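Mind looking over this structure? Questions follow.
In this document, chain identifiers A, B, C and D correspond to the written order of the chains, with residue numbering beginning at 1 in each.
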């Protein structure tokens, strides 16, 4: 049984995550990677800077691993989130799930990423091709900045 | 754009599959691995032998990649199925999907594996701890053997 | 219109049942998949096949009414087990 | 019952708004999260916070009525963006 959340600064290693959940009882392994992409809301992105309330983020990641694992009967579930400056194509989050059957693996993986995006105190500042930077929130894709006119908090 | 199906005999390399679908436009990558597990229907399994109608299997894999990719707007989708004798923990199938957004990646991955299990002419013979072997079918989990009392064809 | 000889590919449990990875059947001109199945059924071991095995013609799933001509690649497809 | 001093952690856009990664606020005994927010609102830059920012007490999300005592770890949580 491996249910664990991690905060890391080194690059996420897919092979390591797969190995973490691999056991002879598991017939299905699912690996999700969230990757820095070159566009957001129509703006050219050159990189993303991730920061966190680390102690709480770790606690929430662990809680999500435990909750989702418990509710779906998934024993092997590793969530890893990276902090720091990430370039294009680099993974900010990796979620590995393994289970005897694929249905549970897909359900657990999806539930983990949705919960993570909803409640784990991690923030990102996107860097754009025009040299500007902006704090960005998940939810509706609206700006998370503090300029006048900022929307209500998502939760 | 990479929509491709492959039949291989060498071990499936997760890093290779991830690299195949990685592009700066994609924010989500999903890798599914189907793995030989140590139990099926309550029997101890020591390995699985996969064989195929290779030309047709390749054609069906490619058709699934094209159909699922087209219907969900997923441009980066690689399906790899391995043939031969596989031991415990070895992957028989790898499906890598990437998309700007995670929803499409999850949907495409799931649809590919369901279609693959339904229609690609690949067969497996399980080897059991008691030294016996048996052809096994997907569908309802019923025997695919040809002994008297074999069930109707699944499709 | 001459009778023709068609090669039928067999796999996995069906190859085991009929003791060979392929066999050759004689068919009348204008034959269909159903005729192929009838011819296969006369072979020893065919009693171990299910009532209506899947058939592919030229690597595509075919119905019993599909025509089969000389040079077509015909295959009996056991219940699949990929993944 | 003495007034107490509580440290409030700030992150990301909220740290930018208030110009610091944390600040210290004076609270009456028996204070709540709502009292913390009122105290924070008197600081320069706080007008750039949303009307009801999320607050965590001891690393758990808390409601405005949650009590805050000496030694508690209080944090304002900007809209999250993990993943």
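One rule holds for everything that comes next: a contact is a pair of C-beta atoms (placed from the backbone, for glycine too) under 8 Å apart; a residue touches a chain by one contact, two chains touch by 3 or more.
What you are looking at is a predicted structure, and each value in this text was computed from that prediction instead of being measured.
Judged by touch alone, the chains other than subunit B, held in their current positions, sort into A, D | C.
Between subunit B and subunit D, the least number of touch steps comes to 2. Centroids built from CA atoms put subunit C at 51 Å from subunit A. One simple way to say how far apart two chains are is to compare their mean CA positions; for subunit B and subunit C this gives 25 Å. If you average the CA atoms of subunit A and of subunit B, the two centres end up 26 Å from each other.
Contact with two or more other chains is made by residues 34, 113 of subunit A. Contacts with at least two other chains are made by no residue of subunit D. Here subunit C touches subunit B in the complex through residues 9, 11-14, 16-17, 48-54, 56, 59-61, 75, 77-83, going by the rule given at the top. On subunit A, the positions that touch subunit B within their shared complex are 14-15, 18, 22, 24-39, 88-89, 91, 98, 100, 102, 105-106, 109-110, 113.
Taken together, the subunit A residues at the contact with subunit D in this complex read 34, 50-53, 55-57, 59, 81, 92-93, 113, 116-125, 135-139, 144-148, 150-155.
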